[in-house]
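Taking it in order: structure first as structure tokens, then the write-up.
Labels for the chains are A, B, C, D, E and F, by order of writing; each one numbers its residues from 1.
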């Protein structure tokens, strides 16, 4: 399974994303992903380590600034 | 709805954008977006957290340096 | 008007550009722009906030490292 | 052997990856790689120097934010 | 004259280049440039402000990490 | 000679590479390079200034995160 297919397989599930140059990570339900790995997350939360910092709601993340994507386990 | 379509659905509305390597965020009315997620915002304001820092008027933001886009609720 | 057309509409006018990872901004007359938002500015000046730091003359700025472009009002 | 072929030759093996702007490195079994060097690693671990920091499980790494890939020898 | 043509017009001349995330700038004779603004400079010198730090000889600079290019006047 | 051809001409020779956001540089024998300037180096060493820090063996470097490539003279 190619990396992009791996990400697509997580649609509908909660994922954790680390963005370039950001200390905090983002956790939310993956609504969609395109070929550039741009992501649409719903019910997104900003986390500092394991602590919730802010509720963000719907967010779009720019694919080329993503460092790491992983399934999220609470 | 793919990430780019999600952004296009916000045209005419006020959005908040976080740019790479910038501490402050930008809030403005989304006038247009292209396939690279380059954005044209009008009546843009720079925010430091929830505090207005500067009025910027019309601005163009380069898509590949965007971290996060979200609908803005005052 | 798409973001790139917005930038093209500023040709011949003075613009202000913020570059990624640079504290200072650049102000100059926009001579040309291409599809990657690479810019050619003439009579460019480097500004630290509202203070002129250096005269740079003709400069070429790489589009993918641009954060923000706006019309400049003295 | 071109760089991308060199990476493909490591599929099924444990590799170490350094990402842009991240102090720690990532070690895991390379499951797949695409033409952009996006990577899927399984059983990934985060390392600070030679010390294990966190188990990450399955992760996807964005190719354009990779600095360096090397075979991992425990 | 488009930005890339402006750079091409400097072939054979001494230019100054600022790279992303680098405090020092690079000065050298522009030997060649391609469509990505990758540059080949000969007799390159590293400058910290107006002070020479190191002689580098022939160097290749990656276009997408260029911030600014300008003609160099000693 | 275009920048990419300049790099290709160094295949089989020892080169020094500076990567974005990395303080240290990498020195190794250039095995291959592709159109994105992704590099495969063998017998790579990490240098802090002129001091060897670590032996890295075979490494792949992502082209878009390269700042500077030069022939290495011991």
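Keep this in mind: a residue touches a chain if its C-beta (ideal position, glycine included) is under 8 Å from a C-beta of that chain, and two chains touch if they have at least 3 such contacts.
Everything numeric here is computed off the predicted structure, so don't read it as measured data.
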item	value
Target chain D, source chain C, minimum contact steps	3
Partner chains that chain C and chain F have in common	E
Interface residue overlap between copies chain A and chain D, same or different (over half shared)	different
Cα superposition angle of chain E on its copy chain F, in degrees to the nearest 5	60
Centroid spacing, where centroids are CA-atom means, of chain B and chain E in whole angstrom	33
Length of the line joining the C-alpha centres of chain A and chain B, rounded to whole Å	19
Averaged-CA centre spacing for the pair chain E and chain A, given as whole angstrom	38
Chain F: positions in contact with at least two other chains	20-21, 63-65
Chain contact topology (line, ring, star, complete or other)	ring
Cyclic ordering of chains (reference chain A, direction chain B)	A, B, C, E, F, D
Of all residues in chain C, those that touch chain E in their complex	19-22, 26, 31-34, 38-40, 56-62, 64-65
Residue ranges of chain D in contact with chain F within the complex	1-4, 6-7, 20-21, 37, 63-71
